[in-house]
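My questions all concern the structure below.
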Amino acid sequence: MGMVGGGKDAFIGAIHRIAANMDGLIELVCGALSIHNDVAKESGKMLFLPEDRTYLNFEEMIHAEAKLPADQRMDFVTIVTPNFAHFAPAMLALENGFNVVIEKPITFTLDEAKQLKKKLDETGLMLLLTHTYSGYPMVKEAREIVKSGKLGKIRKIYVEYHQGWLSKLSEREGNAQAAWRTDPRRSGKSGCMGDIGTHAAHLAEYISGLKIKQMCASLNTVVEGRMLDDDGAILLRFEENATGVLTASQVAAGEENALKIRVYGENGGLEWAQQEPNTLTIRWSDKPAETLRAGSNYGDRESSYATSNCRTPGGHPEGYLEAFGNLYRNFILALSAKMNGEEPHKEWLDFPGVEDGIRGMAFIDNVVASNQSDKKWYDHVVE
Amino acid sequence: MGMVGGGKDAFIGAIHRIAANMDGLIELVCGALSIHNDVAKESGKMLFLPEDRTYLNFEEMIHAEAKLPADQRMDFVTIVTPNFAHFAPAMLALENGFNVVIEKPITFTLDEAKQLKKKLDETGLMLLLTHTYSGYPMVKEAREIVKSGKLGKIRKIYVEYHQGWLSKLSEREGNAQAAWRTDPRRSGKSGCMGDIGTHAAHLAEYISGLKIKQMCASLNTVVEGRMLDDDGAILLRFEENATGVLTASQVAAGEENALKIRVYGENGGLEWAQQEPNTLTIRWSDKPAETLRAGSNYGDRESSYATSNCRTPGGHPEGYLEAFGNLYRNFILALSAKMNGEEPHKEWLDFPGVEDGIRGMAFIDNVVASNQSDKKWYDHVVE
Amino acid sequence: MGMVGGGKDAFIGAIHRIAANMDGLIELVCGALSIHNDVAKESGKMLFLPEDRTYLNFEEMIHAEAKLPADQRMDFVTIVTPNFAHFAPAMLALENGFNVVIEKPITFTLDEAKQLKKKLDETGLMLLLTHTYSGYPMVKEAREIVKSGKLGKIRKIYVEYHQGWLSKLSEREGNAQAAWRTDPRRSGKSGCMGDIGTHAAHLAEYISGLKIKQMCASLNTVVEGRMLDDDGAILLRFEENATGVLTASQVAAGEENALKIRVYGENGGLEWAQQEPNTLTIRWSDKPAETLRAGSNYGDRESSYATSNCRTPGGHPEGYLEAFGNLYRNFILALSAKMNGEEPHKEWLDFPGVEDGIRGMAFIDNVVASNQSDKKWYDHVVE
Amino acid sequence: MGMVGGGKDAFIGAIHRIAANMDGLIELVCGALSIHNDVAKESGKMLFLPEDRTYLNFEEMIHAEAKLPADQRMDFVTIVTPNFAHFAPAMLALENGFNVVIEKPITFTLDEAKQLKKKLDETGLMLLLTHTYSGYPMVKEAREIVKSGKLGKIRKIYVEYHQGWLSKLSEREGNAQAAWRTDPRRSGKSGCMGDIGTHAAHLAEYISGLKIKQMCASLNTVVEGRMLDDDGAILLRFEENATGVLTASQVAAGEENALKIRVYGENGGLEWAQQEPNTLTIRWSDKPAETLRAGSNYGDRESSYATSNCRTPGGHPEGYLEAFGNLYRNFILALSAKMNGEEPHKEWLDFPGVEDGIRGMAFIDNVVASNQSDKKWYDHVVE
């Protein structure tokens, strides 16, 4: 693995390294860790990278690595820069034969995402988009339960993602995270909906298996002086007549990272909340509610997707880093299988990719357009 | 107390009697308990009513009671009939000098509600509208905390009321409750939003102290063959730039009576859920979350509205019936004070009345109109 | 109902009145509400008692009521005085043909309890001992689940009752409740174990259906200056080789009324906590945990004992007062059936009586003796 | 890091590797992973170990590594064999100048533990004993809160560790974990108390800062045919007149890994449960309960011990593996500092060591002796 961005003090870069590192299957071998040369060098040292593979920019890294013998060069590039700087390294990596991992949202514009898809189709390379929350075993279990039909036809989806960390104008108070995420030149045309609304939309579609068809969005910039939306709500219409509501806020003061989803069918509903991720509750119309627990051993009752994404037995809580690690593990296992000409397990192929990225970019575009429209319903066209 | 409706097998009539009875301050002295004579008589017997005060219709009851000496006749009439049959007995009671308790929604149409207000203004009589959930001590505490300013300016209100009991077409399977509540001739122009959406809207305004100004509603009739909405979601704009979302559903299969509200201000947010009503959670941006408990003794930290609406010390859970009882207790204490020419405690005056009823009827009208409109925003005009 | 004790400002007397009153089946007709004449009179007035049935002591009340015509006199006496003053009015009531309700513990000494039993056997009268917690529907459901054998043979019982209200020497600070409950002359030979340990022991035996056979008790007087135990723990051996632990504390600072029980069998375990009483959790070895909810309608899955002790549908929380009311309701329904020569429903006979009282008194005696013994195990002899 | 034991299919070896690997500070460089040569070799291959550092037994490994140049050989040995096989490799490692990590319990007998301590004192080498649960940030926060005196003098400690995985005679059904843990020749003189009771005792002393002085233990072998205790309860007397109760069970059917502790002082109590480890609840006598969350930023309100043991912001749950990783991280940071002649941060020195191991072995001895004694109290002598 080579890393673009993620120098010291970057939040998500460190997360990616722990996640990639967790299962002993992936090694960080090189990096272009910062656009500031001194930071890049210092970060490389802190991460025990050899000096000659501590690069000063992604072009240098990709070209140099491409010249190394196949068994020495990195197998894939992880891109953890701010959104506006995703596309260029990703495209260059693909052009030079490297697989790619990208922090979401996949690119700055929808068009860039489509270009990446085209290149992936041409090259047959692989891309992992780190929609972390789909890496949790109980999220996978939820999807499998929906798929099994036990809940009956899905009617209703509520998904919410509430944080409070932007309750003040932190971008003006030296918070680097806040600064780029609220800056349209670095983050894109939406703040809150781009940053966390996309996670919520992805989760809703991932679990329900239903695509959003129409939306009615209302975005707010609550904190005075902010440049992008920091809050919003969207009425949703899904395929097959299901409806839903998505709320996302970064000014829900006191909330940490409160992503929660509820999906109801004809016979019952399920609920999963990211902050207590090892529990999945299913409520039934005609019998007691059930609590499924990650790592538990219910025999046939638990899907292989849940069990293969746990490392420990029930009661030994796994969390955000393990969910992140699952994305990397499935990706590397699928990639290794492919490189070895073997058939990957179906569970290994269960990670978000470029299609999810395109839907996410279209979601941002359409939410912003819907918000600006006086008409109630706006078609969620993704093409 | 005299009761109109609420014969044997009626749900809400029994609840009203327990609530009224709870504190030993109110006695059921007469009733017109059913439009079926035999049910009326049998119900009267079961409730230990004297035969001569077991009336066969409300006109008979009100006229007969009005002729009794002041110290013998009922002090007020409780009306627990289906919605379409609220107005006539209420108006007749007021015309004959009786105070009134009405199960919500107050009337069948907004106009009827306004007529009641006019009559109340003329007569100086009192009316209690049983928006039960505002009777919970922790709801009152929530309102007081908002009012205190500790949370800062209110920015965001999420309120949800999810039930699953209409997940099937129960109105065709002999469920009498379901039958009238889904029948526009008896229930009104909205099903779910009229039945439970109004509770949610009332709670949001009650706790936040902010009025809804605009809405964007989308209603659904999920179960095929049903005549009214059984599900819906509304984007809300409140006074003072607060925004919110209200969701209500009676097809959230597996849910019981899941009314929950969250209110966020600049500094933190509060959360209250009806199914665990003795707890109020406050999350702060800069310090640990606090859990307030009904009946606890925190000295100055708990408002008199919370303490005066509890009967037992902390840890002895009070519930729905006690909340309902609080409405009756405050009403009868205020009424007694008035009848005795005394000054009521301010806590006694804290019960919903005709103004809340008018807002509720306008809410139903406007939600239905907003749902039918293609325009995103609809003004919530109440006049 | 006539009441002995329970004048204004008494805690448990007010609770008894609400509980008795709740279902409209019982009327307070007379009282000897205080040993202070003026308090007795004032309390009678507040409770709308006629002056001639506001008695100044229990002897006067019982003798006067006994002389009234059968259809006018009280049907039973409720005794809510401090423990030392239970026996005399109870015995006099029985001698004069009145049924009896007694707040637990039943008497001051084990011998008194046995005398009451003898008198009950002679007269055929009925006695209700208000072990409130066995009135909760989910406690009854727990008992039925154990009885059904679904959990397999019971192996382990943990029961705890933790309060914090005696964390300071409140009995010296004007707290009347604290004063009598920590005074051996009024409360008996144990404080904490007598007051709340007996509830815990009763609950354990009630749910498990197993009797305690041996104990190893260790009591503490944590707060300096206190005269009785305010904390303790007991290792337990039950019938059929089950073992358990009972902990009780009134110095668990910050706890309200935290009574909780867990019972494990070969196949799974159940958990019930008084502070969230409408939920019963069952964890299974080989399938997801189930959450049963009071008032829910699971068809055959819920026992008649649970359903007949609820007043409202699921999601309308019932609490402590309703549990207390269930004791009274079952008692009065059973009593009425008996007085009418009818067969009572089996559910009506499900209330604690004199046998429970005797076990409770023996429990107190044996716990105190075990605590004083250096030997590990002490036989819990009850004869 | 070199590893003794932990070949493929071993539970705890894999956990140690993930934990050690997590932060990119430790690399597995060699191993003697199994006593079966083929398993050892295959496991080495799976873990990417070079063939020449895949040893067939620990003696070979330690001697070979000792001969490598200082900058190439392993820095420490991790021992994850069954209990009976802890001492020999640990002692040999120390004798050859290697630091040691041992899975708890430290040794098979108390005497062995004391020998290790002697050798550590002589050599100045370091030892980490993986009492995992003390690695959780909220456990550290709990300890700091107790230490701060906010709760007042500690009075009461309840600690429980309940599992259900030995509810059946799994050791006869091919469960390798169950087989050695219930075998006195491999596990030691206690089963349940040795395996998990020691964790509970360690946690109680770690958080409260108080040592156990006396105990009254009762152990049970619930499942017929089992050779060691699978359940037990202990009354405890701590220093400074605090008392407590420890319960441990592996036959609490349906429970996963339910370790929970509650500590009460004069002013309030705290509660922490391993299965929801990111939350610490503090209940106060005179103000609302507080919920502290791992990773939150309360400024001065959170101790440096909590913050330095988190990797992610609040709301991104960390779990068991991260807690385990904290032990390794603190150990390696302290070790590196020492090797570099630098002063370690005080937070790095916060990991369990040989003293904890000795107390644990004495705990097992004394619990077994107390259980066999008819006397109520047994001194917990550790010398």
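The chains carry the letters A, B, C and D, assigned in the order they are written, with residues numbered from 1 in each.
Please note the rule applied: contacts are C-beta pairs under 8 Å (C-beta built on N, C-alpha and C of every residue); 3 or more make two chains touch, one makes a residue touch a chain.
No experiment lies behind these values; they were computed from the predicted model shown.
*Asks:* Show which chains lie in contact with subunit A and also with subunit B.
*Replies:* Looking at subunit B and subunit A together, the chains touching each of them are C, D.
*Asks:* Where the CA atoms of subunit C average out and where those of subunit D average out, how many Å apart are those spots?
*Replies:* 43
*Asks:* Starting from the mean Cα coordinates of subunit B and subunit D, work out the distance between those two points in Å.
*Replies:* From the centre of subunit B to the centre of subunit D is 55 Å.
*Asks:* Provide the C-alpha centroid distance between subunit A and subunit D, rounded to the nearest whole angstrom.
*Replies:* 34
*Asks:* Which positions in subunit B touch two or more other chains at once?
*Replies:* Touching at least two other chains: 255, 282, 289, 293, 296.
*Asks:* Draw the chains as dots and join the ones that touch; what shape do you get: line, ring, star, complete or other?
*Replies:* complete
*Asks:* What residues of subunit A sit close enough to touch subunit B in their complex?
*Replies:* 151-152, 155-156, 158, 160, 164, 167-168, 216, 218, 220, 222, 231, 233, 235, 243, 245, 247, 249, 251-255, 262, 264-269, 282-285, 289, 373-377
*Asks:* Mind listing the subunit D positions that touch subunit B in their complex?
*Replies:* So the residues of subunit D touching subunit B come out as 282, 286-293, 296-299, 301.
*Asks:* Residue numbers of subunit C touching subunit B in their complex, please.
*Replies:* Touching subunit B: residues 11, 14-15, 17-18, 21-24, 28, 47-48, 163, 165, 255-258, 274-278, 293, 295-296, 311-322 of subunit C.
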